[in-house]
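You will see subunit A twice below: alongside subunit B first, and alongside subunit C after that.
Then we have the complex of A and B:
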């Protein structure tokens, strides 16, 4: 892997963060309503909304920093500087807590749920897809897989709702929502760990079931292409066992572009998981964002969105840097 | 004619998808004649009613009758997806053509912009915009917002297609016979790209629908007009599932599953058209 590739890739990452952060600063300003945030904060203060404590100060702080009396470039610089220091101000709805604290409390839940379900979906989906592209696979497999392939385009949370109804509401096998039993204190005991896993099964399952079809579809396409390659034919001519050809020759090569697919869909997967959290009231970033939207906790929305952009950018960067290690044929020199 | 019939016979899924859409169109066309759509507004029916003879899908907690709600909601939702997808396709195609045909600095600029915009999770940016202008969100505005972030994939697909087509000999001949760039693009390249455009449109509409319904489920959809995603938001908000009101949450879910299944069928049906290599693979 050349150092030029690494530098270029890191620059692209910085560009993504910069453009993303700037977009969410400038785009809302194009709205006809001139300063909706100050207005809304003012309304909250006037009507004695959810939590008036500290609201006046926040309105002041907001006006001082982003107020329209300041030139746009100055507002922008202030904003960028705050974002880079992870200073997202206080949460409007939960005043003494800062946005950063609340987001940090939610991050482990989201990362845990997302990582486990994405890896499971990726592994199962790739295997199923490889089998679907393999001529020796029994016909039954195609029949079993078709519903999963159909579900590949369905949003996770839609499946989540259905599963929640069947397994939590009707049969009461699994909890209806939340991250752990209400009122339990996080401790490192088996009981607590089991409780967390128990609560994560349904949200994770809805993401895995919808994800398997997606990965299977792209893997099937890659598998068909790989099986047409000369080295597979040579392997067959050498009389290698089908099992060995399947795993060592076909699947091993077909799975490489899947990693690129993972990098490309990191954003979609994360967005999908945020909505799953909303449906299951899972205590991660999705629920924080949802509460922030319904309660118009403006600073919180910005904080969560910034973290989402950062996380997806970092995940994409990581996968792009890993890829050349997996596939030594890739050189990444331009032309 | 016989060639296209042969295509449909090889790809029966295309027919399935189109048939599903025709059924949906019939529902939208005939529905308003039979169903009173004004009852999709709040307080037009008694709240929390089970399905009955007068109200086939019952009503929700704020007194919307749910069958008209489903009719209007599915129509609006599809309108948002189609508008956003079409705008994304047109803008993306133009950018893809410019980048692929002219190359050079302009190509690197457009390609980098598309790469960057693809890496930024669309939902995150959309959430910020939509939450700021929540009061003025209607079907048209939501479609425009979603469209702003659906040009990247079309731009990339079309760019790579144009890139390979530019070198073909018929383009060379067209150029030698004195056609200018504009004529070559419109008369030679565009007609050859139609199958790709069809396949890309299906993908763009599906992507736009996904984003729009996701935004709505977060409560960031049209606040006064019913849509499928907003219905799910209200279900979540009023705890419809926990209260056993299946007639409230099930219809939008079935409708969303139906639309996505139809789009999936059409796009798999068009796959062979967009990737001719698949034909050999079978």
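Then we have the complex of A and C:
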């Protein structure tokens, strides 16, 4: 892999982060004639919360306090500088915790759940799809795969609710929600690890079951196309074993567009998982965002959205860097 | 001449369609002697590629081999188990493909293609032996050893075709099937590739079946030529004799279509169309286009018969004339 390629990808990643964070800064300011301080104080005055006397001075004083009297470019610079230091201010609803602290506590939960379930769904789905496109696969496979294909059209969160009802409420095999037993302190013991895994099974399963069908369907199509390639035919004429042809020739090439699909759907997967977290009261970013939205915790929303942008950008960057290792043609494609 | 290395007897391949079977190859019968070069020519859709795929037992559904025998050194390939047949492919009977451009796995280095082929048949070779053997092979087809480290997209079309040739001979097969190996190459590269193929074939003393429709190329390269029309062999014989005195009217017309340098004339063709292989007409498939057709031709199939020593033809009118 050329260093040029890596530099390009990293620069692109930084560009995405910069554009994304700028967008969150400018979007609220695009609303015409909006003055958050005057509006807020006006509301308070109208409901009798404060005296209308000296309201204008008060507005001015608050503007100066929040830096809103400064020109836009200076506000923007301040904002970007804060973002660079991950300083998102305090959470309004959970004062005195800072947004950064809360997000940092939630990130490992989300990353763990999301990474494991996405990779599982991708791996299982791609293998099932490859087998569905392979003429030697026993017909029984089609019967096994059909329910998964059907469930791919059900959204994560509906599937999550159904599974929660069946496995947690009816049969009581698995906990109803949460990330670990209530009140336990995170420690590196087998007991705690098992507790976490136990709690993650249902939310992860709902994402995996819903995802497998999606990946299987696209992989099947890719597999059929690849099997028509001349190099697969010649591989057979060279006397290679069907097993080798399946893995090294057909599936190995069919997985390439599949990986692109994974990169493209990183955002969708993330937003879907946020809803799953809310349903299972999982202590990750989804629950944090949900609480922030319902509690009008603006700083919190900014913080979470920033980290979502960061995460999607990082996932795309990672796949971009992995892709040349999967497909040698990419390495030299740019002159 | 010693015993033939490959004997094909009444090979039939049909493609099953909703409208009935399409008879892509009917009663194809020929012998291939040791280190003999045989050409198989015919128009597109005449069944030459289907025939050679059937020799490898690689006809895929809806195509099916409906009957016939293929004896390789006396062993019937049609009677082998799928696993036994797999071991034959590449080692006893190998294929040099038509579309070398896409015949290499784009994500594998050239070297690994060779290792894959060899290891599929012989697991005893050590890494060092593999490397040495592969090095000799690429040298034999006139490539530099550094291509082994390359990926297919880094090679030119001619280089890829040479790689395919080297791969086709890496287990010293008795029969090499070359399915239009040069149709995707320009004439300069075409000549180099054919020279390489010929030299390799002599060294290995392998037999070769060259499939194509380039009569000029055939005349230069092969010893024996088989002409196919509508799924059947219509003429088979030593190439010089067939060109000197074609016995089947189709062969004669085919040779006449070759443009000559002295006379600048309009390209000559054969009027009419190849008949549909679905519900093929009764009688000789060529009778509708045949200038010499007589009363009986639309009634009965003519069987390929030996009319002179080594000369086979499926046409009655010229059988008499030649004798």
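The rule we apply is simple: the second predicted complex is superposed on the first by the 290 of 335 C-alpha atoms of A that agree within 3 Å, B and C clash if a C-alpha of one lies under 4 Å from a C-alpha of the other, contacts with A are read in each partner's own complex, and residues count from 1 in each chain.
By our rule, a contact is a pair of C-beta atoms (placed from the backbone, for glycine too) under 8 Å apart; a residue touches a chain by one contact, two chains touch by 3 or more.
Given the structure is predicted, the values throughout are model-derived calculations rather than measurements.
Three-chain overlay on subunit A, with subunit B and subunit C fitting side by side and no clash.
Legend: residue contacts after superposition of the two complexes on their common chain; A:327 is shown touching subunit C, with no touch to subunit B. In the superposed pair of complexes, A:282 makes contact with neither subunit B nor subunit C. Touched residues of subunit A, counted separately for subunit B and subunit C, are more numerous for B. With both structures placed on the common chain, the touch criterion links A:233 to subunit C but leaves subunit B unconnected.
In the superposition on chain A, A:248 contacts subunit C only, with no contact to subunit B. In the overlay built on the shared chain, the residue A:27 is in contact with subunit B alone; subunit C does not reach it.
By the touch criterion stated above, A:134 is placed in contact with neither subunit B nor subunit C. Overlay on chain A (Cα): least separation between subunit B and subunit C is 11 Å.
Interface residues of subunit B facing subunit A in the complex, by the touch rule stated above, are 112, 115-125, 127-129, 131-136, 206, 210, 213-214, 217-220, 232, 236-237, 241-242, 244, 246, 249, 253, 256-257, 260-261, 263-264, 277-278, 281. Residues of subunit C touching subunit A in their complex: 56, 58, 86-91, 94-95, 97, 99, 101-108, 116-117, 120-121, 151, 153-154, 164, 167. Residues 229-231, 233-242, 244, 248-249, 252-253, 256, 326-329, 332 of subunit A touch subunit C in their complex. Subunit A contributes residues 12, 15-16, 19-20, 23-24, 27-28, 31-33, 36-37, 149-150, 152-155, 157-158, 161-162, 164-165, 169, 176, 221, 224-225, 228, 264, 266-268, 270-272, 274-275, 278-279, 289-290, 293-294, 296, 298, 301-302, 305, 308-309, 312-313, 316 to its touches with subunit B in the complex.
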